[in-house]
Each structure stands twice: as structure tokens, then as C-alpha cells.
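A, B, C, D and E label the chains in the order they appear, each numbered from 1.
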Amino acid sequence: EPKKEFEIAWTIYVGWMPWPYAADSGIIKKWADKYGITINVTQINDYVESINQYTAGRFDGVTLTNMDALTIPAVGGVDTTALIVGDFSNGNDGIVSKSAKTVAELKGETINLVELSVSHYLLARALDEAGLSEKDVTVVNTSDADMVAAFKAPDTTTVVTWNPLLAEVKAEPGANALFDSAQIPGEIIDMLAVNTQTLKDNPDFGKALVGAWYETMALVVDPGEAGQKARAAMGALSGTDLAGFDAQLAATKLFPVPADAVAFVSGPDVVTTMENVRSFSFDHGLLGEGAPSADVVGIEFPGGKVLGDTGNVKLRFDPSYMALAADGKL
Amino acid sequence: MSAIRASGIYMEYGDQIVLEDINIEIASGAFVSVVGPSGCGKSTFLRMVLGQERPTRGTLTLDGDPLPGEPGPDRGVVFQRYSVFPHLTVAQNVLAAYEFDASPLLGKLFGARRRAAMDKAMHLVESVGLGPHAQKYPSALSGGQQQRLAIAQALAKEPKVLLLDEPFGALDPGTRAQMHALLKPLWREHGMTVIMVTHDLKEAFSLGTRVIAFDKTRIDPQAPGRYGARITYDLDLDPRSPVPVLGFSRPLDPVTIAQEKARSVA
Amino acid sequence: MSAIRASGIYMEYGDQIVLEDINIEIASGAFVSVVGPSGCGKSTFLRMVLGQERPTRGTLTLDGDPLPGEPGPDRGVVFQRYSVFPHLTVAQNVLAAYEFDASPLLGKLFGARRRAAMDKAMHLVESVGLGPHAQKYPSALSGGQQQRLAIAQALAKEPKVLLLDEPFGALDPGTRAQMHALLKPLWREHGMTVIMVTHDLKEAFSLGTRVIAFDKTRIDPQAPGRYGARITYDLDLDPRSPVPVLGFSRPLDPVTIAQEKARSVA
Amino acid sequence: MRRAMNIVPGRSARLVLAVLPFLLIAFLYVSASAERRVANPNDKLLPPVSEMVASVTRLASEPDKRSGDLLFWSDTAASLTRLGTGFAVSAALGLAFGLVIGMLPMVTAGLAPLVAVLSMIPPMAILPVLFIVFGLGELSKVVLIVIGITPFLIRDLAMTVGTIPREQMIKAQTLGASTWQTMLRVALPQTMPRLLEALRLSIGPAFLFLISAEAIAAENGLGYRIFLVRRYLAMDTILPYVAWITLLAYVFDFALAKIARAGFPWAYVQEAR
Amino acid sequence: MRRAMNIVPGRSARLVLAVLPFLLIAFLYVSASAERRVANPNDKLLPPVSEMVASVTRLASEPDKRSGDLLFWSDTAASLTRLGTGFAVSAALGLAFGLVIGMLPMVTAGLAPLVAVLSMIPPMAILPVLFIVFGLGELSKVVLIVIGITPFLIRDLAMTVGTIPREQMIKAQTLGASTWQTMLRVALPQTMPRLLEALRLSIGPAFLFLISAEAIAAENGLGYRIFLVRRYLAMDTILPYVAWITLLAYVFDFALAKIARAGFPWAYVQEAR
């Protein structure tokens, strides 16, 4: 049903820092006012909790990755639309080891990572490319907040993690970066997802978000003083400074203009990626323990192509709102 | 009116029988002294009259009605071990007795009513000789001082039945005489029924209108808990009683004693 | 040898002076009965001799040496309020007295040594009439039974000095006589020095070789805590003493009393 | 009318009263769950009981593909081992330090402020330091439990020793007991019931620290499973696991209560009346 | 030789003894920090004191660019508000339920098992449900503290009421007190000192829950700041924050101890001797 007030949640990650900046600097309010609605932007510190809260219906939109969008809300029956595809990880996620020099040497190692997260996916892909499988290593679930400290412990040899933790881990003496997401470009996608039903009932909600996002993105990529100020603020919000934030941005493939994002989402690579992701998810039981195959949940792509059950489409890549921005129709 | 009647009362703790077939009628306004060897069940008997414990068999009645199974303001008590409120000063301990009644909601009085009640309380505190200690907490009192405080507290309610468990045991003869002088007129004026446990036979006889003794009549050396205590002597000292001379009333039937002795040896 | 001497002892609690300038010499082997009104400081005096509290002024010596500032096995005690160990049965409470000495490490005996000690303990338990209750915990004992247990415990160590604070207060005359009969020969045989607080003057005179009375000699009605108690009477009953007749020894100087009365009024 | 404070329910009334609130909660849950399912047939937040049963049955009876273990039982075993070790160590430390601090004024002066301060440090905030000192293995999980509950035990037991009437300490000395013997034969036994009570109160926190430790780095355990499946909001696994933890904790609580009453009857006389 | 248990340190000895262990710990830290710096000049785990001072000075005296707040103080204010509210609510609930459960056998039968079970549920494991019910705002942070410490308070206070000698309850009734009056004038005042003691023991857990809540959803607060800089292992901020939390907690602890002794002198007579 149509409503006037909307809630979105964000967590600290380089690709999502534009959201709090947009909220703080009044850009969100400006666009929301334009469409006569209110959008509240809430910070959640615990990433999984923010998605859980979205899935449980407390938020209308949330920042997350493509894999988590599939395994949490979509599997949980919440029809979710990837409204804004902001970037993909291009080195922001990586494997770092004190003992191994190559991925192949990981055989038999104990690896600390956040299990069932994109790190886990990255590891699976890396092992796959090196001709190994997950059976060849031991994974230890380790909380992301404690990853840096965990790597300092003498008995920890290898971790898989993301920025800014990755940068801290790499700085440790004797640490070798073995593999990172730059080697599987476009597979770890960061986006803002919203509830499909809400979006359908309130197209203005989507338009306001997209409008605000791209206005902010212009600042993020602005090399001038305004951009620096904005990036410095985003850095401060995520607990670092301008330099630190810029370093993280460097490992992120942003889609600063809507047309790029539309092109990426409409391309064939996304389908391949999601195929990989859903088979990884199925193998790890993320599609529900009772799921008979990777097909239980349908994923819809632009042009009507669907992976999986067409009768149960719960995740949709829909570039139409970004296209409005690209066409200047907001 | 506050006549107490016990019929066929037994009290058992697990295997041990403490009191056995107690039958007694206590007239309203009597002052009954209870004596008996240590551990024979005197305190237990008081606890039952108080309503703190129930007899395992038999019935207790007050003026013909079953005794309320819980303590109440009609029966005051001074326990053998001091049981004043440790968190109230001497004066407040006595004051509380007036406050419960007068202030159902807060149990506390304020302003003029408090001053009036406090005057009454202080009067009692002084009459038990604790005037100089009115502002102390019980923990700073000597043993005898605590016992006197408990007495003041119990007297404050002017209960129909007053149960005293060795109330003067910790007092020196002088203070003891003072307490006697305090208690006796109160008992007479208010027509209270008093049951007092004491080990001082002189006290038992000088204060009481009746003296009863508890004791075991049979002992099984193999199972000392098997038989309980009974009333072995019952002396009526009241000059107003039908037989206005000091005399035994209703002693145990000697035949029974002999029979039981024989049984317990067997 | 266990002669106790107190010179110029004061005891003050904050503003309140409890004991004032106590001077007394107690010969080794004496049986001193202490009497006095409730709250005058008798228990306080015992606590000082015990080493539990220190006098605020003055010195206490045992055989000429300053009294050890802590309790020890040379001075046994029966407190006014029962202080047996709640976590040990009656038998174990007495047994503990033997165990501490014999087993420095564990404070516990085993096997034959335990049986031997237990025999001694049970003997004592029976002599205070608690044989049938040997396996009970103190909480299941009557007041008088607990007090008897405390007496058995204190006697087990055969201390040089025995401090008794109203030890028989909760006992009936029969049991009390039994306790007297238990204590007297022990005292004589072991040459213990006994200091006993009692409110029973008959007991004080029949057991003691010396009776001392504490009392306040001056009272300031405005500040009741201002003056403490002193020794007001000191009667030597010992037939072996220099003056083998019952008589006052070293009473308070009448001049002093008069002076002080005058001062306290002023 | 008897006073409310004197009305003691009988055996069966007691049972009914005890069960009632649980039935109420169960009813609330079932209706809330049904309501959410009507709105979203795939709702994961409050799954119906049938799904939870199915999920637990699977975990408890089907061997895991990767390890071949029955996950439910291997998780339970791993967690209980950690918990048991942590509990045992904490109880020993708590008792030893509690007794010594409670008995010896010199030690009180030296250690009581330290323990008070240590008990205030939130262990979660200094995890990095703990990792370096104790590693990331089993040891650090046990250590987290120990750090979490020992200061409470020490302070509580020291307090308990402090409430033993002075007369008893004096009495022991007049019976010839040394400091050590007084500690062993007077203070220790009278502290034991309170130790068990304090352990009962620590069961909740101990599980909390266990779960936190397992959430931070682990390969198995009840807390590990809960935090792992939280990644896909599998409340059908989380809720039964929470219920299972609660049940285990309650059983310990009950067992400790029974042990205390059987082992130290004298401490519960008042209760029996 | 006096027995160890009878040797009471004087005022100054007490102070020296209290300070000693802290000096020792400070010395250990400084040398460990220096050692690590020698091995790795960029070590972040144990920063030297100078860096910590610099970092705190910055947070405490330079206004944040974004909000203009002095972060150290605004964090402290936010956390203390949450903590204070949580503490007040918990104390009120704990006292009310503890008294009622301790006094009325009927309520004991109905609620004691429920409270025992509730106290065993690890709140962290059911956070998603809590957040849905109580929202993600200030309320849920306070609720987490309340859920975390109230069951302990209830159980502890109910136990305390249970240890008031029966004779006193009986005495009150013979003085004409109703159940309500007995609760108000006999049980309540005698429970108050223990409430304060129990609150003292709850300070540590309360901070723990506060920090956990702030780590999951918050925009300010001490726990939030620790969480925020943890990803960079900024121990030069974390350690001073932990020290500050510990200091705050210790001050509360001390204050509660003083209040208890000033307000309920009769409960501490034994101690004074």
C-alpha cells in the first residue's frame, strides 16, 4: 500500500558510505521532499543484523551484497529488488596468509573467515581456480570485527576478509596477499536493495533514492575540493581519514554514472555471477536446508530472463530506476 | 475472652515425636507458667499456639473456634532468641507496632499522628529501661537489652494472648523484677491470657496462676525420639479458682505411667 | 598458671563509655562470678579478656605478660548467644576441638585417631545430655541444647582460662544442676581460671570463689553514655584465701563515690 | 482469610502454577508465528514449531555432509566441554581467592580493589590482547568464560566469608585452630553452599561468554552454529538451539540446587520449614 | 606471632597494598609495549602510553568535524544515559519481583521457574527477535541491559528475602502487619542493602550488555566507538576507552558501596568491628 515514510539501513563499508553522507548533507531530504516523502537513514553496525532486520520487515531498504541478497531476504520470502547497483569489489576482498605464498599452498591450512559470507565465496572461487576444493582446507568461522586481532594471534596463519580489515591485515609483517576480488571482477556486487512490493506501491521512493544516490556519487568521484570534503567526511564516518578512504575506494569499481550501472546489470556477466553464487549457496545450505536444488528461488534479470523457479521469483535485478536517472527523467 | 483448648495434640519432626497427646484447657485471663527440661518441646508448644506451626495431630481452639493457622495481632510473642527488627532503631521497633494498625497502606505514620504514637512507644521503651538507647540499632544492644526491646514490642499491641519464651532469661535480678512489675499490672488490667516458658521456678510460681510442666514420661533408650513429652504436672495457683488452694489438678494417671514404663522397657 | 590482671581498663564505643577504670587481679585457679545489670558491660569485659576486643585504655596481663591480642586455645569461651558451627553436627562440633590440634594440615582426623577422638567427644556430648541428638545439626536443637553444646565444645580443650557468658541462662533447674556438676570437678582438677557472667545470684555464690559486680557509679541524666560501669563489689568467698570468711575485699573508696556523685550532679 | 504470605500452594497447585506461564508464552509464540506466516509464507523470523522440529531432527540425526558428524550432538559436546572446563576453573579460582580475600585482611587490602577493577573490564573490548596471549583455540574460549565469571565468584564468596559471624571465627581460634584450619574447617564449608548458589547465578553469564567466544572464532559449538546460521536468518535452527541451551542451563541449575541441598542440608533448614 | 587472619593493615598500609598490583600491571604493560615496538615499530596492539594520551586528548578536546561534538564526552553521555536508564528500570523490576517472589509462596510457585528459565536465555542469541519487538532505537539498548541483569537481580533478591529469619515475619504479623505491610516495612528495607550489593555486582554485566548493544546498532556511545575503531585495531583509542569504562564502573561501584553503608548502617555493623 502507498505510504509516505520509508526506512533504509546502512552499514559501514566503503561502497555504502555515500548513504550517511547523503543523509547528513541533506541530499536525501532534498530528493525526498521533491517526491513528497520522508526517508530515514539508519546506521546499523552489525551487517548481518541489518539484513535480518530488513528481512523481518523493519526496513524498506538495506545495503548488502548480491550473495546476501539472495541468501537472506530472497530465501526468506521477501521479494527484493536490487534498486541501485553501486559498485563491485575490485580488490576490496582478499586472502592473506603468513605461511602460504600461493593459493595452491593453502592445502591443509586452517583459514579464518566469516563463514557463508562473500569471503567464503571468494575463497571457494580461489580454491576452484587453483584446482583445490574446500575439503582441502579447514575453515574457522571468525567474526569480522575481530579479524584483525585474530590475524595477530600466533596460531592464525591465513585469513579471508574485506576492507578496511584487509588493509590492516596486509600491513602485518610477513603477510602475503594471495588472491583478491580483482581476480574475479564483477562477482561481489554491492547494492541497495528494497522491498519489491514497497517499490511497486511507491515508485517515488525508488526515484528519490536513485536521485539522491547519483547526486552523491558525483561528489565521491569529484577530484575537487567539494569531493575531497565529502570523501573526508565519509572516511571519518567509517573511522578513518581521507587517505584511508581513498585507498579503499581504489579497490572498488564504482559505477559513478547511472548508465554504467545499467549497462553492467543488463549485461550477461551478472547472470553468470549469480549462477556461481547460487550454486555456492546451495552447496553450503544457504538456500534452506530443505531446498531440493539451486532452483528453489527465482532470480530475475533485465529482459525477463529468470534463473530458477519462475513461480517463486524473489530477487530482481531491475535497472529501470537507474535508467530513469541515466535518462535524466527524475 | 481468650480461652485456649488443646485436645490430643501431637508434634512430630520426621521420626522424632516431640509432643505426645497434649490435652489442656487454659482459661481466659490465666497466667500459665510452663516449665520443663531443656529440649522437651516448650518452645514448640508456644509455636503451635502462635500459629507458626501446626500440630501433626489434634486440634487447638481459641474460645471454641479453631485457632487461626497464622499469627495475628491477637497473640503477641517474645521469642527465646531475640527477634527484633535489625533495621529499625529501638524506638522504631516499638513504634512499628502502632504504625501497622494505623496506616494500612504505608505502615508508617507522619506528623502529629506519628508524634502521638512515638510518645506511646517511648513511654514503653523507657518502662523497659531502654530510654538512653532509643536511637541505637539492635546490634549495638546487649543480649538482655534486646530481650527487653522484644518485650516492649509485644506489650505495645496489648494482645489477648501473650506468649513468652524465657523472656527474662538474660536479665539480672534487678531488671527482672522491674520487668515483672511492668508485666503484672498490664496482664491484670487487660485480662490477657499469658503463657510463659521459664526455667526459674520461683518466677514460675510468683507470676503464674497456674504452672504446668512438660516432660517425657517414657524413654526408649534404643530410640530416644520415639516418645514425646506430655504434661506431667499441672498446678493451679489461682486464688479465684474453684479450689483456691495450691494444688495439683489433673495429674497423669499413675496406672498409665506404670504401663508405659513397662512398655518402653520391653 | 593463669593469673589475670586488669589495670586502668576503659572501653568506649564512640561517645559512649561502657567500662571505666577497671582494676582487678584474678588469681590463677579462681572461679569468678560476674554479676551486674543488663547492659553494664559484662560481655564487653569478657570479650576483652578473650582478646576479641582491645580496651581503649589500660592494660590486661596474663601471668604478667600482656594478654595476647587474639583468641587462642588457652582461653575457652561460651558466648551469650550460641555460637556453635552450624555446618557440623553436634558430635562433629565437639570433635573439631580435638581435630584442630591433632591435624595441623587438614584439621580433620581419620581412622583410628578419629575414633579415639570421637570417643572423647561423644563422652562430652553425653555428659551434657545431648547423646540422643549427636547426629543433629544445631539448627534442629532447642535453645538450651545449643548452649549445652557450646559448653561441651569449650570444655573439650580444657583451657587455662574459661570465659562463660550466661552459660546456663537457657537451662531448666535440673539441667543446670547437671551442668554445675559437670563443670565444678573439671575446674578443680585442671586448675582452670573461670570467669562466669550470670544473672542468678544463687549460682554466682554457689559456684564462684569470688563474686564481682559491675555497675555504673555515676549517671548523668543528660548524657547517659558519659560515664561507664566500674567494679562496685568484690566478694572473696574462697575458703583458702587469706581471709577465709565471706567478706568484701577492696570495695570502692567511699570518698571517691561521694566525690563522683557530686561531680555528676554538677 | 489467611494472609497472602501464609498461603502455601500444594504439590499439584505448584506444578500447575509453574507450567502456566510457559504455556502462555508458547501460545503467544504460536499465534505470532501463524500471523507472520499469513503475511509472508516464507517468513523466517518466527517459524512454526513443525519447522523447528524438522530442522533439529535433521541436525540431530543426519550426518553432516562435510564432517560426517551429527551436528547437533557434536556442537553440544564441544560447547559443554568448554563450558565445563571454564566452570571448573572458575569455581576453583573463585573459591580460593574468595576465601583468602574474605579471611585475611592483608590480602583483602591488596587484592579486593584489583578484583573489583578487573570485574569491571568488559572482556569483549580487550579481545585482541586476549588473542595474543591465549591464541584463538580452545584455550581462549575457556579463558573468556573464566574471565567473565570468576571476578563475580571471587567477590561474592569473599562477601559470604565476611558474613560468617565473628563469634564463630573466635570460637575456632579458642579451639586452637590456625588461620589455615579456620579457613578449611569453618569458612570453606560454610562458603560451599553459596559457591553452588553463585555458580547457579553464573550459568547464564557463562553460556553468554561461551556463545560470544564461539561467535568470535570456532569450528563447532552451539554458539558457533547460532551465529553461522544467523547469516541466513535461520530462526528455525536458532530458536531450537536457544531453547536447548536454556534447557541445558536449567538442568545444570536444577542439578546444582539439588546438590547443594543434598550436600549441605544444614544451610537450607530455614527453607525446609 | 599473631594469626594471619587477625593481622589488620593500617590505613596507609592498606593504601600501599591496594596500589601495588596496579603499579605492577602498569609496569608489565609498559615493558611489553616497548618490547613489541622494538620488534615492529608500527605495532598497534600495545601502543605506548603517550599515543593513548594523544588519541584521547584529541577525542576529548577537538570537536568532531561532522557533528561538532567532543566525541569522548558525547560518547560518554550517550552511554551513561542508556546505562542509567537500564539500571534504574532493572533495579525497580528486580526489587518488585524479588520481593513478591520472595514473600508470596503462590507467586514463587508461578514465577520462580519462569525467571530461572528466562535468566538462562542468552540474550545475544535472540537479538533479531528483540530488535523487531523493541525497535533499533534507544529503547532496545536499554532493554538489552534490562534483560541482561534483571533476572539475576530478581533471583538474588528473592533469595535474600528468603533468608530473613522467619521469626521476624511472624513477629510482624503478631504486631498486626498485613502481607503488604510486612513486605514494605520488614522485607523491603532489609533487602535494600542487598539490592545495592547486587547492583554493584551487575555493573560489569550491564556495561557488557551496553557495549554489545552499541556494537550492533548505534551512532554514538563508548561501545560504538570501540566497535568502530576496532576494524583498524586502533588500540590507542580502544585501551583508553576500556580504561575509562572501567574507571566509570569502579566509581559507580564505590558510590554504591558508600551509599549502602551510609543508608543502611545496621546492615554493616559486623563489618565495622
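As a working rule, a contact is a pair of C-beta atoms (placed from the backbone, for glycine too) under 8 Å apart; a residue touches a chain by one contact, two chains touch by 3 or more.
Because the structure is a prediction, the values reported are computed rather than measured.
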Co-neighbours of subunit D and subunit A - touch as defined: E
Most heavily contacting chain pair (counted by C-beta pairs in contact): D-E
Chain centre separation (subunit B, subunit C; CA means) in Å: 29
Where subunit A and subunit C are represented by their mean Cα positions, the distance between them in whole Å: 83
Inter-centroid spacing, subunit E versus subunit B (mean Cα positions, whole Å): 48
Two or more partner chains touched - positions in subunit E: 3, 45, 128, 132, 165-166, 173, 178, 230, 233, 270, 273
Residues of subunit B touching at least two other chains: 70, 81, 140
Contacts with two or more other chains, residues of subunit A listed in rising order: 52, 56-57, 146, 148-149, 152
Every chain pair meeting the contact rule: A-D, A-E, B-C, B-D, B-E, C-D, C-E, D-E
Touching residues (chain side subunit C, partner subunit E) in the complex: 53, 68-70
Parts of subunit C lying in touch with subunit B, wherever the complex brings them together: 13, 35-39, 43, 80-81, 129, 131-133, 140-145, 148, 166, 169-176, 199-201, 224-225
Subunit B contact footprint on subunit D (complex, rising order): 2-3, 6
Residues on subunit C engaged by subunit D in the complex (per definition of touch): 50, 52, 70-73, 75-77, 79, 81, 83-88, 96-97, 99-101, 104-108, 137-140, 153-154, 156-157, 159
Touching residues (chain side subunit D, partner subunit E) in the complex: 3-5, 7-9, 13-14, 17-18, 20-22, 45-46, 103-106, 109-114, 116-117, 119-126, 128-129, 132, 151-152, 155-156, 159, 162-163, 165-166, 169, 173, 178-179, 182-183, 197, 201, 203-205, 207-208, 211-212, 215, 223, 226, 230, 233, 235, 238-239, 241-242, 245-246, 249-250, 253, 270-271, 273
